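Each structure below appears as structure tokens.
In what comes next, chain A is part of two complexes: it sits with chain B in the first one and with chain C in the second one.
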Partner chain A sequence: MTVQIVKTPAEEALESAFAAMRDGLSGAAGDFAPALRDAAMATFRELGLPGRRVEEWKYTDLRGLLRDVPEPIRASGDTLSETDLYDVLGIDLDEFLAYRIVIADGAFAPELSHFEGTDALFQVLPLSEALANPPDWFREGFGKVNPPERDASLALNTAFMTDGVVIRIADGAKLDRPLHLVFITGSTRRGMVTNRNFISVGEGAAATILETYGARRTPDMLRNAVTEITLGHGAEVEHLKYQNEGRMGLHLSSWMAAIGPGARYRAFQFSIGAGLARNQIFTRFTGEGGEADVSGAFMVWDEQHADTTVVIDHAVPHCKSRALFKGVIDDKARGVVQGKIAVHPGAQKTDANLMAHGLMLSERAEFDAKPELEIYADDVVCGHGATTGELDEDMLFYLRARGLDVNQAQALLTVAFVGEALEKVECAPVREAFVARAAAWLGSDKS
Partner chain B sequence: MAAVPETVEQVKDLSVDQYKYGFTTDIETVKAPKGLSEEVIRFISAKKDEPEWMLAWRLDAYERWKTMTEPRWACVHYPKIDFQDLYYYSAPKSTQGPKSLDEVDPELLRTYEKLGIPLEEQKVLAGVEGARVAVDAVFDSVSVVTTFKEELAKAGVIFCPMSEAVREHPDLVQKYLGSVVPKSDNFYAALNSAVFSDGSFVYVPEGVRCPMELSTYFRINEKQTGQFERTLIIADKGAYVSYLEGCTAPMRDENQLHAAVVELVALDDAEIKYSTVQNWYPGDKEGKGGVYNFVTKRGDCRGRNSKISWTQVETGSAITWKYPSCILRGDNSRGEFYSIAISNGHQQVDSGTKMIHLGRGTSSRIISKGISAGHSSNTYRGLVSAHRKAVGARNFTQCDSLLIGDQCSAHTVPYIEAKNAHAHFEHEATTSKISEDQLFYCMARGLDEEAAVALIVNGFVRDVLQHLPMEFMAETQKLIGISLEGSVG
Partner chain C sequence: MLEIKNLHVRVEDEDTEILRGIDLAVPKGEVHAIMGPNGSGKSTLSYVIAGKDGYEVTDGSITWDGEDLLALSPDERAARGVFLAFQYPVEIPGVATLTFLRTAVNAVRKARGEKELNTADFMRLVREKAEALGVKQDMLKRGLNVGFSGGEKKRNEILQMALLEPTLCVLDETDSGLDIDALRIVSEGVNTLRGPERAMLVITHYQRLLNYIVPDRVHVLQEGRIVRSGGKELAEELERTGYAEFGEGKAA
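Let's look at the complex of A and B:
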């Protein structure tokens, strides 16, 4: 018996929006982008929005939650200033010395970006340009960095992507400052933003890359952001993300990473915004001797829903991976951590470990975890763990007996709880900003 | 570590040589017509002399089954089953209601003797002094004999084949049958509800501690038959019962289907301990033949302070698909799941448990040990969930996998769902191979490699073994040794 699933209004809206926009999207005149977009839309038409019956989306029913689809946000260019950046991101940009590349309202904003004199280290292209006139290296690699199979959110991203950052870091380049990719909206109107980034890190190169997403003025934005990143032989990358978008919005994000031989990849995502945030991280070792740490933390309250879904593919032998996720859940919010370590046939000497911990601060909070191991090689050490619970009564009592009030005691223990994850961030200014943000969140500055 | 040549040879000769229960019994049988239809269901019901309500129940299940599709989410692969190419009922001709052991066909008695199952009440399990076990022996679709019935009856315990319970204790059956696993719970449960044949029925009345171990021994003999037993165990307030089931089947080239349903109900302060030693024919070294074991087992801790514990040792079957679960409904009720699943050859196991915390102060514990060898695949799939009202729910889960050889696989798929802040769940899992240091240590002390592996594996599964009834521990230890024989590498 074949069941014909009725298309939801959102699915129909996405399909008709695509039909209407197709010829106006970036790279429409070239020979590269349109074929990619059409193939992606065909995939989406087949898959539809993922709902509870799709195992990977079991806890995040996008089909049910996405009711309608707003118009894409159009780049207005002049609405944002440096002050806005500070307001929205909560990071003091004067203090944070970085090469900054800004995507405002879905389009590259050169006037807000600063990365002068770096040509020897890296090359930057707005995605819209790369799609229109793709360089060979972009054409070869784009869309092929560890893509998940049959993923509707990735298909939607490829179909609708407007702009983003394409970076090629030269072989052996050691970046003296972090690369700060800023994704921000200034529009007060509801809208859809689809970003796509492509980062190629050369052999032996070293970089810290921070992506920040903010949209305080666009409370109910629909963001779909994808970053593809490849690490060449022996490259070292710390890839960070801070997401603090409006609490009515939807934030879909996918990172796809391919880690070359002997490369070291450290990913960390800190997520406090968006009504519904789905953070997917797909990591794959493509050469022996690679190391990865894929971790994150989220803090949610009210009716927020934060889902972190991680897949680490040990496709080759002698690689090591660590993953640690911590979620703080207050009010009626819901946190989800799904992690999967897949050890492929022949990937001997794999050392992998994945942990997920949920801390519930309210009676009605919910935490779901699914730490999964899929192992096809015998000479491996793999482990996973998950815990969920509330703050320890004894610890609270201990602190209160020493004169702290309930709120202080709770805050101290909660900061300690997420702190264990935040400590993973090696870039000191970012780590300090995260810790400060976590403390402020507990001090009720939650947006 | 490189395998020694002899070991490699032994690995090649897996399963077939070690399966010692693969003989067939030549006995005349009465079968239902091949295939599944309303007529076949009426035939089964008539054979069992069932009341009208039972037939109606079956037919309703059949109607529901027809609208359902086979589950495909488990990590097992097999060709599509033709449900019309099976016999749904097969019984030895001679067992038209034997009253006592003397009336049982000697051929059947010989079968059970060969399997090492004591049917004569004066006999006891080999090697265990004074241990008495009441046995319900189910051969294909019927129960051939149930021992110690009278003695159990004196204590008020009802222990009889399901078909007898339907006739003799309709009130109890009607009250509890399908109350834990509803007719349309899943595809195979619906199929079972429509065509189930024998299984055991146990009722332990209020305050009674069942005086001996109860046990059912399942044997599939006939070709192309499916076994669809249904077991229902009810422990009334304050009662205690320990029950063990064992299963074997002959070696046949075609796959045999076993789709059982087991329902347990524990009322206030009652305790049910359910142990399984599953050793269905696993198929030959090429993965040909073997039993498809698609089983729904669920316990309902309906009363306060009730307790249900599942212990399973899974060494057989070509494919295992079973998740003995506990619904922790009563306040302070407790569920336990202890499992050893060993897969070798081309076996595929997808097994685990569900602990559904509904009541306050409920607790559960899951210890699962998966060992994969040969070309097998071994999956632990489990759910621990706490609902809004399950304040103070606690779970501890440990699921470890051990891989022997580089052609096998092990998966762990746990789901943890906490819907209230006062639930404390802890889950941990590891996967590894046998540590070379441990092996070296044992071998340096004079053990050969096989003995060293057996020792380490027995240590690995010890947490589970100790939960088996005393009488079966020794036997199980041997079984584990046999299953793993030749898998060192």
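Let's look at the complex of A and C:
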């Protein structure tokens, strides 16, 4: 039985926006996208915005928190420059040698993107083009990479997606530089931006992929970003994300990963922006001998809310997963980590562990951790745990007795706390940028 | 001069007084030793001098160079030259020893109005001092005190003291955990810091340390009071007799 609940203004706005936009969205003229969008919108109509009643969203009441929905933005027409990229991301792009693909607001920005001479390694298509003229491999895989069941935020993404990056990395290709996917909003108007990425990593290929999200001016964008990624046999991928959206904004994000046999997937998300951030990561082993590390760190203050929700599906035997999340929470901010390890029937020799640790810098801060094990096999090694703590008084005194003032001492200990997670990042320039950002966060410069 | 007058201290939220009226004066240029049985309040005294939270001073005063220490935060005291070598140095995972040393040295230099050291100068200084104290370079790369042996932690304390150049040094059982060679090396490190501008308070259970760091005065602390004071021969006497005969009211 479905309980009929009154639609919120935000739900109504989303439905009518879809009706108005449908025929103008990317790929509307083709035979692929419209059906996907309609099905997704039907799912959304049925589910509505997730609120407290939905177990997976019980700490993040999107239904209650999302008051209204701004108009969707595709290309805003505001031009962005290299300097804007630097200001928003805080990563020195001159120093960071990467293949860069920029999505400005809701559209691919070729003038800011640089990935010349890489055809032998990978193929890049803007999502808008792939939706209009889908290649066979895209048509077959898109939307089917380990999607969560009945997830309203994914449904909204599929319904409204405008642009994003579609990448196919060739079998055996070893990328000599990271792929840097930049998602930036430059619009002066408040708006809704919906990005979707689809990445297929060939057999034996190796790549580092960094996604960065930020807003130039408008602090209260509503972004919904989804990345689907498949790893072929023996592929190795480090998949990183830095989220520093405007602090009044909403950032909904889902990563869906399918890890092939013997493949190694390392995911890490560092999240400091947005008023409300929901980071979902769904990973599934699809072949034996796979390894995954799904970790992250977040630092929030004021009234920010950061939710990380992870499901690691051990669907086949002989796979190994590790997950470590660390959150620093100041003022009245709230951190949430929900992590589920699901060991399917027959997935023997699974080796899985998930930990979540919260550091509270204020008495009004809140940390909710819900690690879960769901095990349907008997020959497995699984562990999980969560802790919440404050800075250690004895450590603080020791540092202050050596001349560090209270801010310096707190900063050093806080960076040491998140540092344990940040150390997981293998790509050195990104790791160093994260550590530097974490150190600066506690100083005056939190935004 | 360090001047402690009628110092009464209890632990916050508890009734029992731990320090019950301490009077002590250590002029610059002198080294005083404090001996006393377990639980007599030696570490408490050192913490109150350094400014640790959780202790309530119910009466009395502590001044250094005429300045009221009790009004200052721990880092302000460090900037004024106060240094405590901890009986139990704290392990801090994730904070590299070298990073910590550099932050501390520059914090103190800045507060004292001196120029901060650049990386090259700092590294030169650390290498020199660490070598003199037998602190290995690879230890400096590890987390602060993490996985250090008892003796290594104590050497690291004295290394910090050598780098921060304090003027009031309080050493809380720096000798415990040190092997015979380390005791000599560490004592030499302490002795090189002795000088007309420095006062030192050395807490120990053993007379042996005082053969290396020869004190000007020895005080016996018992049940939160100084019950007897004398010259360095008092330490030898204690070694023979123990603390039993120094009861209440026998203070010299």
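Throughout what follows, the second predicted complex is superposed on the first by the 439 of 447 C-alpha atoms of A that agree within 3 Å, B and C clash if a C-alpha of one lies under 4 Å from a C-alpha of the other, contacts with A are read in each partner's own complex, and residues count from 1 in each chain.
Criterion: a residue touches a chain if its C-beta (ideal position, glycine included) is under 8 Å from a C-beta of that chain, and two chains touch if they have at least 3 such contacts.
Since this is a predicted model, take the numbers as computed values, not measurements.
J.: Could you check whether chain B and chain C clash or fit when both are placed on chain A?
T.: fit
J.: Classify the contacts of A:D394 with the two partner chains as first (chain B alone), second (chain C alone), both, or neither.
T.: A:D394 contacts chain C only, not chain B.
J.: With the two complexes superposed on chain A, say which partner A:E366 touches: chain B (first), chain C (second), both, or neither.
T.: first
J.: So, does A:L413 touch the first partner chain B, the second partner chain C, both, or neither?
T.: second
J.: Of the partners chain B and chain C, which touch A:G358 in the superposed model: first, second, both, neither?
T.: The answer is first: A:G358 touches chain B but not chain C.
J.: Could you tell me if A:E116 is touching chain B, chain C, both of them or neither one (first, second, both, neither)?
T.: Neither partner.
J.: Once the shared chain is lined up, is A:G385 touching chain B (first), chain C (second), both, or neither of them?
T.: In the superposition, A:G385 touches chain B alone.
J.: Name the chain, either chain B or chain C, that contacts more residues of chain A.
T.: B
J.: Could you tell me if A:L404 is touching chain B, chain C, both of them or neither one (first, second, both, neither)?
T.: second
J.: After superposition on the shared chain, which partner residues are touched by A:E55: those of chain B (first), chain C (second), both, or neither?
T.: A:E55 contacts chain B only, not chain C.
J.: Determine, under the contact definition given at the top, whether A:E95 touches first (chain B), second (chain C), both, or neither.
T.: neither
J.: Considering the aligned complexes, could you tell me the closest Cα pair distance between chain B and chain C in angstrom?
T.: Minimum C-alpha separation, chain B to chain C, in the superposed model is 13 Å.
J.: How about chain A: which of its residues touch chain B in the complex?
T.: Chain A residues touching chain B: 1, 55, 345-346, 348, 358, 360-390.
J.: Provide the residue numbers of chain B that touch chain A in the complex, in ascending order.
T.: Where chain B meets chain A, its residues are 69, 73, 388, 401, 403-406, 408-433.
J.: Could you please specify the touching residues of chain A with respect to chain C in the complex?
T.: 392-395, 397-406, 408-409, 412-413, 415-417, 419-420
J.: Quick one: in the complex, what on chain C touches chain A?
T.: 50-54, 73-75, 77-79, 83-84, 86, 89-90, 92-95, 99-100, 103-104, 107-108, 111, 160, 164
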